[in-house]
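The two complexes that follow have subunit A in common; it is paired with subunit B in the first and with subunit C in the second.
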Partner chain A sequence: MGAAHGGALTARYMPGGTAVHRLEPHVKLVSVLAFALVVVATPVHAPWAPVAYAGYLLAVLTAATVAGVGPGRLLRGLVVEIPFAAFAVLLPFVAGGPQVEVLGLSLSRSGLAAGGGLLAKATLSVLAATVLAATTEPRALLRGLERLRLPQVLVQILMFMIRYADVVGGELHRMRVARESRGFTGGGLRGLRVLGATAGALFVRSYERGERVHLAMLSRGYTGSVPTGPPAPVAPRSWAVALSLPLAAAAVLAAGMLAG
Partner chain B sequence: MCNKVVVVHVPDGFLDVPTSLATGALAAGTVALALRKARTELDDRTAPLAGLTAAFVFAGQMINFPVATGTSGHLIGAVLAAVLVGPWTAVLCMTVVLLVQAVLFADGGLTALGTNVTLMALMAVVIGYGVFRGLSALLPRTRTGLLTATGTAAFLSVPAAALAFVVLFEIGGTVDVPLGTVAAAMTGVHLLIGLGEAAITVAVVGAVLAVRPDLVHGAARLRTATPLAGRPAAVMEGAR
Partner chain C sequence: MSAPPPSLLVEDLAFAYPDGHQALFGVDLRVERGERVALLGPNGAGKTTLVLHLNGILRAGRGSVTVAGLPVEKRSLQEIRRRVGVVFQDPDDQLFMPTVGEDVAFGPRNLGLPEPEVADRVAAALAQVRMSDAADRPPHHLSFGQRRRVAVATVLAMQPEIVVLDEPSSNLDPAGRRELAEVLAELPVTLLMITHDLPYAAQLCPRSVILDGGVVVADEPTPEVLSDARLLADHRLELPYGFSPAG
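What follows is the complex of A and B.
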């Protein structure tokens, strides 16, 4: 299977019973979103920005430690930002403004600050989101999104996607095994026709499965919405624990604004 | 070890807060509209079929193709989904895929979700499907014509999304980068990725067209053009 997304949607989830695992999913979502907002709102060109990034990093690493998410897991989470890291590294070379000499290279001062800032902000947010994904099951995240008032139809589409991603992925895997056991080695344009036919068959099977699932649901009384029980009340303590991450970041930002 | 060029999954912090909020509002409006319009494409089957199509797009994104030496791109699937299930359902599928990638894989920032939906669910589908409809109206109503329109649309949808990102970066980015430099760099890479996108999209649509042409939403016009052929008399005789 492709290593990028992992075979299963649960690839990033680590079962556990830490304080972060026990938080309600929508509370965690709000917390991570608020943290990302604070990080994004930090002015890149302020002289105190690097100190603020260090403060945020301390906050998110503390959260990761409480959640029992190890450094290896966090580093693997960062792989997704590689393409944009390349983009950020290019900025000092192409940006305008005053130039500085670094190791014999003429670099833009604003480009350096911006490139470094973009990289820091993306990294911090990815770390926070990695902690969220590592401590929350996909289905729990779905319930969290539902409690945050995501439209019903979108929640249901998400539910079907999460439930069937493994089924469709497994189908793709079996087709690959079948191909390779018949001597297919792939690669290049010659393999493209075969892969195209594979993906075409995969679509037809996915779509037909969708039709069968729909009929099966209708025959079991599906009326267009999936009944869920009343949402459980959230203890104020949960909010306090979850919001300590963005509040710590906001305190750092406020301190920087006042001092700067 | 090959590097992956994942196309425009904007992380947090690349665009400033006002731009992120504006694209978020645009994305929310588009998704709300798509939620209503998708019912005309799929009626009450919207949720299961869009969900399974989203799972298919998600799985399809695991198919890598080489872009340049040591670098590989993967399918985005916006035009593929639009041609197969219709543009409004495609917007929903792409949105759901992006949401899952942001929440479960930290791929694309949460505050940048609106931006990513605008680029890959809105721009790629609108421009791609627009090109597809325009071309298929001009080209002959044949399998070749349909696949040519599909391929061109898939090819153009990738640099279109990349260029839209460049424009957003110019509006909401925090650096005074000359627009031309970024545009040239982004477009160059994404033209190559667009070629791979086009090749895979054409191969998949062609394969579905061969076995279940009734499932290809974009081929509805093709179906009316080729009525069911009657069974030749000789075969009827032979069958008896």
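What follows is the complex of A and C.
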């Protein structure tokens, strides 16, 4: 059956054996979250903020280098940021307060700082998340979330998303092939109607599959929770390695606060 | 004490779906321990409906199902689902965990077994279906035939009293079909196999039961069922071209 090998979700993962790959997933999650918190906590209007951003950037690029995540992969990770970027670029034009002249345009000084800060913070956080996604398999991430006590229901939903993304994707693909094999080209109002019908059929099929999966789970004694194996113990060294990223960022922040 | 109770005893089982469609009209079936029985019948005969009663997914409208002496009831469900291992038709429905090993472990962990025993059972079940190498792979990276065999392993890990397979040879290529047959032939368990593949029934099951219109219409040794052209034709069963039941 046509489930593509690899699939959409696993495409983000780059197999490897670097020190970052070997870290336990929940340790990496904590590290990235802590890094993002430090980045977000940086006051945008402080005069030393740009220096701090540069320091964070250095820290996250160092982590990417250790993890063997190249510039191309990092740039592709940044694609998710585009909507934020558009918003950030607008800010200097729409915000009030003192104005500055840049290339003949009159821009808001605070809008510039806010927009720039937003962009910098988003970029840094996304870069850290990209390193995480590139070095951790989706299912390992899931186990990490579970160890961090994310509610079972959410973990199970995410687990089924990962498991069935390819199955549903394959179904969608087969439906498209079947449509086009009978001369459908899309476009126009009729095209939209056909796509609407496809979406409906996909929903019904997925719903029915959900019912069948649930039956199969009940048949093997499912009572509401998905039991997982015993968690592997985490070496203190892992925490030390992983937390070096947010700690470096926190040091930059502290230095800025003291100096400013 | 006398002989052990039959692995499966179905008595006068009748059932109608909530929409009013009556699918079973009084089914009787007795399967002794260690027997291998093929369940034949045309599309819509009620075979899958019967299977869903065997592990208590559907509740009997009338009549009863007993597994190794234990009646299927609400309070016995957990034990019944351990005793009856159902392998569903689409392995993508059956394999929902991120890796093959975790999927096979799902059942034993639901039984609350200690972790070393879970590991032993996973290893043994995967070895029985010749899929030991796949323990760490995600199910969707396997071929359809491999997924079908892993689905069999997921129920073997429960050490069931009886294994029930819904159309195990469907969608398999000839090699996958043969590999599965080799695996099934070696399993030391009671087997109830739904199939439209009559040669498969002849190869694996000494006894065949035909279900049609929600009742059992024949229950005989497989060679006799397959050589009764009249019986087969009456119930929309056909041997493939060139196949001779005498073997």
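A few remarks follow.
Methods note: the second predicted complex is superposed on the first by the 252 of 260 C-alpha atoms of A that agree within 3 Å, B and C clash if a C-alpha of one lies under 4 Å from a C-alpha of the other, contacts with A are read in each partner's own complex, and residues count from 1 in each chain.
Please note the rule applied: a contact is a pair of C-beta atoms (placed from the backbone, for glycine too) under 8 Å apart; a residue touches a chain by one contact, two chains touch by 3 or more.
All values reported here derive from a predicted model rather than from experimental measurement.
For the composite obtained by overlaying on subunit A, subunit B and subunit C can both be accommodated side by side without a clash. In the superposition on chain A, A:Leu172 contacts subunit B only, with no contact to subunit C.
Contacts of A:Ile162 after superposition on the shared chain: both subunit B and subunit C are touched. In the superposition on chain A, A:Leu37 makes contact with subunit B only, while subunit C stays out of contact range. Within the superposed three-chain model, A:Val213 lies in touch with subunit B and with subunit C [touch as defined at top]. Across the overlaid complexes, the C-alpha centre of subunit A sees subunit B and subunit C at an angle of 70°, to the nearest 10. After overlaying the two complexes on the shared chain, residue contacts for A:Thr228 are found with subunit C alone; subunit B is out of touch.
Judged by the touch definition given at the top, the superposed model places A:Gly117 against subunit B, while subunit C stays out of reach.
Judged by the touch definition given at the top, the superposed model places A:Val60 against neither subunit B nor subunit C.
Between subunit B and subunit C, B contacts the larger number of subunit A residues. Contacts of A:Gly196 after superposition: subunit B is touched, whereas subunit C is not reached. Between subunit B and subunit C, the minimal CA-CA distance in the chain A superposition rounds to 9 Å. According to the touch criterion, the shared surface of subunit A, contacted by subunit B in one complex and subunit C in the other, consists of residues 1, 5, 159-160, 162-164, 167, 209, 213, 217. Contacts from subunit B toward subunit A in the complex involve residues 3-6, 9-14, 16-17, 20, 31-32, 35, 38, 44-56, 58-65, 74, 84-85, 92-93, 95-97, 99-111, 173-178, 181-182, 185, 199-200, 202-208, 210-212, 215.
Subunit C makes touch with subunit A in their complex at residues 52, 55, 57, 78, 81-82, 84-86, 88, 90, 92-94, 96-99, 102, 105-107, 109-111, 115, 118, 138-141, 144, 154-155, 158, 171. If you check the complex, the residues on subunit A that touch subunit B are 1-2, 4-5, 9, 12, 29, 32-33, 36-37, 39-41, 44-45, 77, 80-84, 90-91, 94-97, 110-111, 114-115, 117-118, 120-122, 124-126, 129-130, 132-133, 138, 141, 145, 151, 153-154, 156-165, 167-169, 171-172, 189, 192-193, 195-197, 199-204, 206-207, 209-211, 213-214, 217, 224. Those residues of subunit A lying in contact with subunit C across their complex are 1, 3, 5-7, 10, 139, 142, 159-160, 162-164, 166-167, 209, 212-213, 215-223, 226-230.
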